[in-house]
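A, B, C and D label the chains in the order they appear, each numbered from 1.
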Amino acid sequence: MSESPIPEKTPQPDIMLPDPKKLILSASPHIQCADTVPGIMRTVLICLIPPAAASIYFFGFHAVRILLLTTLFCMAFEWICCKLAGKTSTLGDYSAALTGVLLAMNLPPGVPWWICLIGAFIAIVVAKAIYGGLGQNPFNPAAVARVALLVGFAGPMTAWVTPCQGFFPDAEKAPAAIQVHETERKPDFTTGATPLSLAKMAKTPEEIQALQTPDLLKQCFFGRTQGSLGETSALAVLIGGIALILLKIISWHIPAAMLGTTLIFTWIVSKADPSLTPGPLFHLCSGGMMLAAFFMATDMVTSPTTRRGKLIFGSSIGIIACVIRIWGGYPEGVSFAILIMNALVPLIDRICYKRPFGWHPSSAAAYTMRRGEVK
Amino acid sequence: MPSNEWLLITVGAILVNNVVLSRILGICPFLGVSKKLETALGMSGAVTFVLTISSFVTALLYKLLLSAEITICGTTVNLSFTKFLVFIVVIASLVQIIEILLRKFSPSLYRALGIYLPLITTNCAVLGAAELNAGANNGLGRGILESTVFGFATGLGFGLALLLFACLRERLELSMIPRPFRGTAIALVTAGILAMAFMGFGLLVK
Amino acid sequence: MSTTFLAAVCVVGIIGLILGCLIAFTAKKFDVEADPKVEKVRELLPGANCGGCGFAGCADLADAIVNRGISPSRCTVISAAALKNLSAFLGVEAEEKEKMTAVVFCGGSLSRAARKAQYNGIMDCRSANVAGGGGKACAYGCIGYGCCARACPFGAIEMRDGLAVVHPEVCRGCGKCVTVCPRNLIRLVPASVKIHVYCSSADKPAARRKVCSAACISCGKCIRADGQGRVEKQENGTVRINCENPPDISLAETAGCPTGALQTEETHRAIQPISPKETQK
Amino acid sequence: MSLPPHVARFTGGIHPMDGKGLSNGITARTAPLLEKYLVPLHQNIGAPPKLTVTKGELVKKGQRIAEPGGFVSVPLHAPTSGTVGNLTEVPGVAGNTLQAVEIISDGKDEWGSGLDPIVPWQEADRKVLKQRVADGGIIGMGGAAFPAHVKLSPPPEKTIDTLIVNGAECEPYLTADHRLMLERTEAVLEGAAIAARILDVDRIFIGIEENKPDAIAAMKKAADAYGIQIVPLPVRYPQGAEKQLIFAVTGRAVATGGLPMDVGCVVQNAGTCAAIRDAVVEGHPLIERYTSVTGTPVVHPGTWIFRIGTPVKEALKLAGGVREQPAKLILGGPMMGFAQSSMDVTVTKNTSGILLLTGRETGRYLSSPCIRCGRCVSVCPMRLLPGPISVMVECENYALAEHNFVMDCMECGACTFVCPAKRPLVQHFRRAKAEINAIRRARKKH
C-alpha cells in the first residue's frame, strides 16, 4: 500500500485514512452481482457439453471434426472482424465460441469443411459483426447460418451419417422404419434420411404409423437416428437445457411455450388427419425441436425481454415450425421459425411492454399525450 | 369451394409468395418508408388500398375488355397486348387520386410518405399484382373477385413485410452498427435474411 | 390490322379520358393550397438540420421564414453566398452578419488540470455530470469526454489531451455545442477575436490554482497591461476579453499571464493530443 | 385501530449481500465534540436556507443560524455553542460545491435553541406542532432530504388516513435506523404518534425488514401504548422505497408520477420521527443524527451519533481509520449512495451512512453492449424496461425513453446490480431524467 500516512495535525498519528485520489467516482449502485457476460456464455457452453458429447458418442470422428472446425472458424472470423473494426478482441466473451458450437450442432455430420467455413462466415460476419457485434444482432447467428446453408447448399446439408457405427455395426439393428426406407430408396447409409424427411415423404397412415412405434420414438429420444449433431439425442439436449434453466441462465418461458404449443398443435393435427403427420411425441423428439427450444430460441439477444413476450415468441415458433414441418417444403422448419420470430421480436417487445408499477389508464393517456414532446 | 380457394390465394400471397420477400417486387418503398413504424403502416395501408382497387379495376378491364375477343366491323380483335398500357394508366390515375385525398385528409402522413407516395405509381408490386392476375390460369386471368382478393392479400403481404421491417429498423436505429454498414446497407442485409426466413414457407401452397 | 390498332387506341384513349376526368374532379373537389415558396426556401437553406436556429430542422425554419416573417439570417450556419441567394429570392435585404465561432473557455487539459479521483462510468460529459462530474478536480472546467465534439454537426471540435478545442475555420457557429456542454463553457464569439482568457472557474482564485495550472487566478495583470478596459473582470471573478472591442493578440505575450490562461486561440488548440487510451485512465 | 395489514409483495427486487453484520451489533456511540463544524447551508430539497448570523457572532447549541428560504425549506441550527467562523465551501455529496458556515466550538456545548418543550403534546394544537417540526429544521433523514413539515401538510383536497414509518432500512451495510429503533424505541414511537396527531390519522404502521428481529421485538413491546402496528416486511431490496413500502403495508399502489398522498399515505423515516419527538418534547432542533460508519476496510465499524457538519474525515478517524486503501467512499448506502472524491464532505441531515468498499466488493462499470438478457426487467421494482431504456438514452432518444416511463425510475439500482454486462444503467437514467426535466422546463417557458 502506498498511502501516505495521515495529515500532520491528527491526534492519533497511526490512523490510516483513504487517499482520495485513488477513490473511484461512479454513479450508484456501488455493488454488483458476480455474473458477467463471459460467465453466462461459458455456462451455456458448459450446458452444451451433454449434446456435444452425445453427438461425439453417436457420430464419432465426424462430430469432433465439425465441432472443432466451426468453433475455430467462428473464433477466427470474430477476431478478424474485431481487428477490422479496430475494436479490442471480443474472443474473451465466449460468444463466438458459443455460436460456433451451436452452428456445429445444426450441421449434419457429413458436411465438408468448406460448409463449416461458409457457415461460420455467415454466422459471425453477416449475422453478427456487421450489425455491431454482440448484443446488436436481430437474428440468431447460428439460425441464419443454418438457413443460409440449407437454402444454398441443399446437397451437402443432407450428408447424414448413420449414428452408432460402433454400436450398430450392421444395418439390421438400425431402426425399422429407417431401415425399410433406406434399403428401398437409398442403400447408401451416409445419405440416408432423417425421421423428419421420412415423415415428409410418408403419404399413407401406415407409413406415418411406422414412424411412431415406441421403438423409433425411443431411438429419437435417446438418439440413434440420423440428423444434425444436436438433433440426434433429444435426451442430451434436454439435460443441457434443464441445467440452463436451473442455473437461471434462461427462463422456462420460451422452451415451455415452444414445446407446449408443438405438443398441442401436432396432437390436434395428427388426431384430425392421421395420414398427415405423426403424433406429438415424434415431433418433440425428432429434428432440432429440443435444441431450438433450449439453446437457439432462448438466445437472449434475439428473444423478447418480457415474460409475456417470451411466451408469445416461444409458442409462435412452435406453431410456425410445425406448419412448415407438416405442410411446407422443408422437412425441418425450426430454424426458419426462429428467424421469422426473431424478425417479430421488436414488434412483440412493442406490444408486450410492461405496465409500470402504479400504472392506470389515465397515466397511459398522460404519457401518450407527452409522447413526442421531447425531441 | 371459393372460400377454400380464397384462403389459398390469401396465404399464398401473404406468406409463400410474399410480394416483397419472395417476388422481390416493391423494394423501393420497402426500403424507403420503413424507417418508422407509423409511416410504414400508412404506406402499407395506401399500397393495400391501391392494390385492391387496381386489381379490381384491371381485372375488370382485362376480363371484360382486353382478353375478350371483340368483333369490330367483321374483324375479331384481341386487345390483351395493350394490358400493360392500360394497367399503368389505371394505377397511375388511382395513385393520383389517393395522393389528392391524402393531402386533404392526412397532411402529416402525406408529408411523411413524401416522394414515396407518388412512387406507388411505379411500385412494381402494384403492376406485378395486376399482371399476375392477368397471367394466372395460363393467360386467361383470374376471376374478378379472386383478383381483388389476390390484390388485397398482396397488399397485406406487402404490409406484413413492411411492418416486420419497420420494427426491425427501429431496433437497428438503436444498435451500434459499424459506420460503413449504416443505413441502406444494413437494411438490405436484414431484408435478405428476412427473405431467407420466408423461404421456409416455400411450397406451403403449391 | 388497322382495326386492331384503331380499337386499341380507342380503348386506351377512352380509359385514359375517363380516368383523367376522375382525377380532375377529385383534384377540384379536394384541393389543398400548397406553398411552393416554402419548398424553394428549404432548398436554399443548408439542409444540415442542425437546429442551431431553434427550429426543428430546415423545413421548419423554411416554413417560419415564409409564413411568419422570420429573418433568413436566423440560420446560423448558412454561408454568405447562400444567404444572399435566399434573401434575393425572398426579396429582402441581406443582413450583414458577423461570423461567429465557438470558444471553449477552459484551458484545463489533462496535463494541466489536477485529478480528484478515478472516474468509472459513461464516457460522456453530460452523463459524468450526474455522477460526480468526471475525474478532473475543477468543478467548473472541461470534463473532457467530448460531448460537444460528438454534437458538432461539422466536426469542428476536437478532443486534445482531454480538452475540447475548436477549429474556427471549420466552425460555423451553429451553437449546438453551447447547448450540450453541461458546464456551460462554450460560448459563441465573433470569429475575429483571436485572444481569450481560457478559464471559467467561479472558485476562489487560490482554489482555482490548486486544481489547475492553467487557471485564471484573477491577478489582473492583463487588465493592467491593456489599460484600456478591453479586458474586463466579471462579477463571478472570471476575466474576459471584451469582444466588442478586443485587444491585439500581442497582449498574450505582453501581459505576462502567470498561468497562461490568457492565450491566443492558436496556442489554445496547440495542445498535443494524447492517445484516447491514456485519456480513459 | 384497524386489523393487522397483510403484506403485499412488490414484483422484482434483489437480495444483495447485506453486510449489516459489520455494525448492527454495536451500540451507537456519541461522537466527541470537535473543534470546528462545517454546516452546509443547502441540505434539503427545495429552497436553500438563508444565513442569519455573521462571522464572529456567538451562538448557542441549537440556536438558529439560518432562516428557511421558503415554504419548502428548513432553518439550520448550530451544532454546538461557539463562534460563527468563515462562510466557506465544502464539496456536496453529488460532486457539487455547497456553501457552508463554520461553527467554532467553545467546548461548553450549551443549549440555547429558544424552543420550549411542548408538553403534553397530546393537548397541543396541531398547527403549533407542525410549526415546531418546521422550526426544528427536520427533513427526511432516510436520504430524500424533503422537509418533514411539508410532508405533514397535505393539501386539503387529499385525505390522509395512514402514516407509515419507514424502518425497513433495506440498503445493505447501513445500520443507523436499526440501532436507532433499538436504542430510541420510545422516541421513534412517540415521534410517529406526534406526526400522526399532526396529520390527524389513527392508522400508524412501522415497516421493519425481518432481518432486524431485535428491533421488531423491541418495537412490538412498546408500540401498543401508542396504538402503532409493527409490520415485519420480507427482506428484499428495495423494500424501503416509498412506493414499495406503501404497497407492502397497505396494498395501495401509488400511480406513476403520483405521490404517496394520492393514496392517503404519508411516509416518514424512523430517524425523522425521533427528530420530531426531540423537537416537540425536548425542544431540541435537528443537530445530530445516527450514522453508520461501516465497510470492510474500516477498522472499527459501527454507528455514531454525529453532529450535523462533522467532516467525513473526522468521522473516519473516530472509526479508527481504514485497514487498506478503499476503492470507494460512499455517503449513503451501496445501492443509492453517492461516491465521493473528497474527505471534506460533511455529515448532513440525511447522511445515513459513511461506507467504504474495497475494490473486491465494488464493481467496475464497463461500456459493454446490452445482451438483452432481461434480468434488469425482471428485477425492476417499478416494472420498467431498464436495459432497453438505457440503449435509448445511449442513442439520445429521450422521447422514446420518456415514453417508456424513464421518469418513474427511482434509481434504486436493482437493474444495475444484476446487469451481467456491467452497464451503468442508473447513470443513463439519471442523465435521461435530467435532460427530460430540462426539456420540460424549456417547454414550459415557451
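Going forward, a residue touches a chain if its C-beta (ideal position, glycine included) is under 8 Å from a C-beta of that chain, and two chains touch if they have at least 3 such contacts.
The structure displayed is predicted, hence computed values, not measured ones.
Student: Along the shortest chain of touching chains, how many steps lie between chain C and chain D?
Tutor: The distance in steps between these two chains is 1.
Student: Which chain's centre, taken as the mean of its Cα atoms, is farthest from the centre of chain C?
Tutor: A
Student: For the interfaces A-C and B-D, which has the higher count of C-beta pairs in contact?
Tutor: Of the two interfaces, A-C and B-D, more C-beta pairs touch across A-C.
Student: Between chain A and chain D, what's the gap in Å when you average each chain's C-alpha atoms?
Tutor: Computed value for the inter-centroid distance: 47 Å.
Student: Can you check how far apart chain B and chain D are, centre to centre, with Cα atoms defining each centre and the answer in Å?
Tutor: 62
Student: State, to the nearest whole Å, the distance from the C-alpha centre of chain B to the C-alpha centre of chain C.
Tutor: 45
Student: Please output the residue numbers of chain D that touch at least 2 other chains, ranges allowed.
Tutor: Those would be 95, 338-342, 364-365, 369, 424, 427, 430, 435.
Student: Multi-chain contacts only, two chains or more: what residues does chain A have there?
Tutor: Counting only residues that touch two or more other chains, chain A contributes 20, 22-27, 132-133, 136, 375.
Student: Two or more other chains in contact with one residue: find those residues in chain C.
Tutor: Each of 116-117, 120-121, 130-133 in chain C touches at least two other chains.
Student: How are the chains arranged in terms of who touches whom: line, ring, star, complete or other?
Tutor: Chain contacts: complete, every pair touches.
Student: What part of chain C is in contact with chain A in the complex they form?
Tutor: 56, 115-121, 130-135
Student: Okay, in this complex, where on chain B does chain D touch?
Tutor: Against chain D, the touching part of chain B is residues 173-174, 176.
Student: Give the list of chain C residues in touch with chain B in this complex.
Tutor: For chain C paired with chain B, touching residues are 3-4, 6-8, 11-12, 15-16, 19-20, 22-23, 26-27, 30-32, 34.
Student: Please output the residues of chain A touching chain D within their complex, sorted ascending.
Tutor: Residues 1, 3, 6, 10-12, 15-20, 22-33, 35-37, 39-40, 132-136, 251, 300-303, 305-307, 349, 353-360, 362-363, 366-367, 370-375 of chain A touch chain D in their complex.
Student: Which part of chain D faces chain A closely enough to touch in the complex?
Tutor: Per the touch definition, chain D meets chain A at residues 10-11, 14, 16-17, 95, 172, 243-244, 247, 253-258, 297, 299, 313, 316-317, 320-330, 332, 334-343, 355-357, 361-365, 368-374, 377-378, 381-385, 387-388, 398-399, 402-405, 408, 411, 413, 416-422, 424, 426-427, 430, 435-436, 439-440, 443.
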